[in-house]
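Letters are used for the chains, namely A, B, C and D, taken in the order the chains are written, and counting of residues starts over at 1 for each.
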Amino acid sequence: MCRWAAYLGEPVFLEDIVTSPCHSLIAQSHHALEGKTATNGDGFGIAWYGARDEPGRYRDVLPAWSDCNLKSLCGQISSPLFLAHVRASTSGATSRDNCHPFVSGRWSFMHNGQIGGFERVRRRLEASLPDHLYEQRHGSTDSELIFLLMMAEGLASDPQGAASRAVSRVIEASEHAMIEPDLKLTAAFSDGERLYAIRYATSGHVPTLYAGTLRGGTGRCLVSEPFDRSDPSFEAIPAASFVEVTDRNVLVRPFEPQQARALEMSA
Amino acid sequence: MCRWAAYLGEPVFLEDIVTSPCHSLIAQSHHALEGKTATNGDGFGIAWYGARDEPGRYRDVLPAWSDCNLKSLCGQISSPLFLAHVRASTSGATSRDNCHPFVSGRWSFMHNGQIGGFERVRRRLEASLPDHLYEQRHGSTDSELIFLLMMAEGLASDPQGAASRAVSRVIEASEHAMIEPDLKLTAAFSDGERLYAIRYATSGHVPTLYAGTLRGGTGRCLVSEPFDRSDPSFEAIPAASFVEVTDRNVLVRPFEPQQARALEMSA
Amino acid sequence: MCRWAAYLGEPVFLEDIVTSPCHSLIAQSHHALEGKTATNGDGFGIAWYGARDEPGRYRDVLPAWSDCNLKSLCGQISSPLFLAHVRASTSGATSRDNCHPFVSGRWSFMHNGQIGGFERVRRRLEASLPDHLYEQRHGSTDSELIFLLMMAEGLASDPQGAASRAVSRVIEASEHAMIEPDLKLTAAFSDGERLYAIRYATSGHVPTLYAGTLRGGTGRCLVSEPFDRSDPSFEAIPAASFVEVTDRNVLVRPFEPQQARALEMSA
Amino acid sequence: MCRWAAYLGEPVFLEDIVTSPCHSLIAQSHHALEGKTATNGDGFGIAWYGARDEPGRYRDVLPAWSDCNLKSLCGQISSPLFLAHVRASTSGATSRDNCHPFVSGRWSFMHNGQIGGFERVRRRLEASLPDHLYEQRHGSTDSELIFLLMMAEGLASDPQGAASRAVSRVIEASEHAMIEPDLKLTAAFSDGERLYAIRYATSGHVPTLYAGTLRGGTGRCLVSEPFDRSDPSFEAIPAASFVEVTDRNVLVRPFEPQQARALEMSA
């Protein structure tokens, strides 16, 4: 399991989230409190929106806590919208291509969770990608594949629907492989204007997700764990939720791809 | 284009080939004389057979000339059979998973050359792999894919036939994509007992290959470029050749997958 | 604080200590039980004696648990005498030059502990090195400096005396800087024939050290933590000890540089 | 020998110098035309001034041409003043701490050249640093040491004088070691407001330096090699020059530390 944090609001330095808070993302990379694994040392990445339509990105395979480049970049780069991730590997080698956030055009995506039994469903899911997205499969993680499935399902025009249909594809592939669907998906993604997140699992434990405001500002954060346990502005997002963050507010809607799929199949 | 060297014979330290000769593989990584690119700085790798059935392997993304680990390992490890490679990237990012030699079970493989128009044929070729080899596709290079195609065609029981059929598959995929087949394949591979090599191209320039004896010994080398221009023991292998090196001799046979395929298709 | 393991005995594969035991060094890199820090993800290294007088060495800045090269090397290399280390940084950046073991000629050295207030004593200690050892100062850690001080004090001819005098130098430098001496030194070192270790601290907690036999063999291990809690062959080495491991036995002698120094000063 | 480029003017994206021109710094890393070594693959670095007094910095040990992070950062970061460097190692291992630009407070520095016989003068020069700069000696290169000597000589208040006195120190240390002074110093440095450069050698070949305007703009570049041979705006800076670039113009003054020193010594 990984830890991540995302921000939308007035421009702030990335360090305001990545390194400075007492339970910052870097601190969580060393001592996560709510994850299955306390250490998230298998690489890291940031994607931020700035001068260009496409996000900037910096990823590396070192633990985030020891990377001097990351520290310098987070102190220099300010952005109104960014994603930051520290990785604890569940599938895929430690390589830059396997580090989140993943980027496709204007979209960026990062994930905490996994596809249980991934090796049993991987090939079927990869084969279902259209050519232009198959070419964008640079690494070997389940996370990148979920993102590409969401892109294939029309993320740009219907974010929640695309995410729901991508989840259905994973469930369908599991059933086809005769294994119990076991998807854990706490993810954030953005097109450079809005920030979206999902907290969802097909069953069992659902990786945590919190929403809050950045101390002293109006900007919104979505995080695996609050930066400060005593900060009442952080609220837990319930399981099976789809979150949309805009300049003005945080919308939380039910996210129930299994029900949608059941209805569809019975239709 | 890359540079590589392979050895079979009485055990020698890897440094006798990788670092010590005046035009050693490391020297070739900096100043290749016969390659299209003089610099081979996009990673390196060694695979050697020793105490176990499966080869040991060390790969990294740095230029070989600056890697202190490689220098130490090559001074310590002696082996009767090994492959060493320095990479100049033509496709695929600089990551360990894209560095040669590639390994599958007892087999190791390394390559100088490329599949022209790879992005047009990649998907079809990947889709043709059986499941157990599809799972061994760790990187994104054309080279690894050629190796897996050869494994799929029965490398263990019929090395030359398998290589020929793998080449035919690449040609067929190019034709299917309506592009002129453009494969350059100067490769070495081993099962830990024998050492094989191919020098072949569908058309045009064929990457170089030489065979020789290691100075002062009886062991045989296959190399992209001779370690010493004045050493008469190195002989150029002609284009369209399949090479088999055993303890006793070097066999060079014609390698003509296009003719074989033409015959097959006309049959 | 770091974790380490060393071995002397009949040749075994490095994996028998580094990766295979249930609480192997790799396991300790992720979940150390007795260290101040549970995670040792700031690089690793191995030094082994084999075909040459000087040890082979492989070090890298990644966490040991994710390094595929380390896994392969430990499965191929067997040695009668080796040192292995996983690092949790206390001073010095994460760079290969700062990873243990350090090597000088035939000697290798690795360390768990630190010099408290290092920045206050570093320059004086570095200035005290003879020229030929000053040139061997490749990194910036306190650990490498302790090793070079031991070399300067005659490690080759009088291991315990040299270690004792090196400790005295650190104490003296602390006193000169008007800070309380605060040295923690649980270290192992070898000249390729014998294996030595120290468990010592000027005050307070002393990093742990255990001696035992490798399961199913006669070889001796020195380790930060036993590979198996239920294995009665592992015994805790008391604080203020100097350990010498030979083919035949493990000698434990008192190591009391402060007393030696007090006597010397009162003389 | 290395290659570098620096810029002062209206803010531009770093890519306008680092990756985009036909003979960009990245192109020079692969195929330098005027350097002693055509390949500059031993790491790279950028330092840019932006939102903070201190510059941002990104350095890594890979060849610049294969680093996807560098490409993304140079496409996102725009700056009115920055330094960029690709390294061909002459002394010091390939580690981040040995990659240029070096930074101390607001100052940044990068260098093409070397101190001949460095191992003979290194210790004397390091010992001459004041404590607060000795602590900033993170790597082992001659280049970083020249920078720290310039800082020690008062770079902030008298850039040319400080550079001149630092050169004199190197000459003096060579003479003390009874070796012919052999310093090659084509360097750029900045405090975040002005951009300075030196082209100087004690004797023999002097590494090249050119000044020009960025195509289509008013900003000034200082470069090892022009981005475009046919661009008449690039002029060669003569040997023994000190260059000061401001918003308005490029001042070139004689830089003659040997003469200054001779006068001083005869006084």
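Here are some notes:
Simple rule for what comes next: contacts are C-beta pairs under 8 Å (C-beta built on N, C-alpha and C of every residue); 3 or more make two chains touch, one makes a residue touch a chain.
None of these values were measured; they are calculated from a predicted model.
Number of steps on the shortest path from subunit A to subunit D, with steps defined by chain touch: 1. Residue numbering at the subunit C/subunit D interface overlaps substantially, since over half of the positions present are found in both copies.
Averaged C-alpha coordinates give centres for subunit A and subunit B that are 39 Å from one another. Across the assembly, subunit D contributes residues 68, 93, 96 that each touch 2 or more other chains. In terms of inter-chain touching, the protein chains here all touch one another pairwise. Note for the complex: subunit C touches subunit A at residues 30, 38-39, 41-42, 61-63, 66, 68, 89, 93-94. Residues of subunit B touching subunit A in their complex: 93, 95-97, 119, 122-123, 127, 131, 134-135, 138, 140.
Of all residues in subunit D, those touching subunit A in their complex are 13, 48, 50-52, 56-60, 68-69, 72-73, 75-78, 96.
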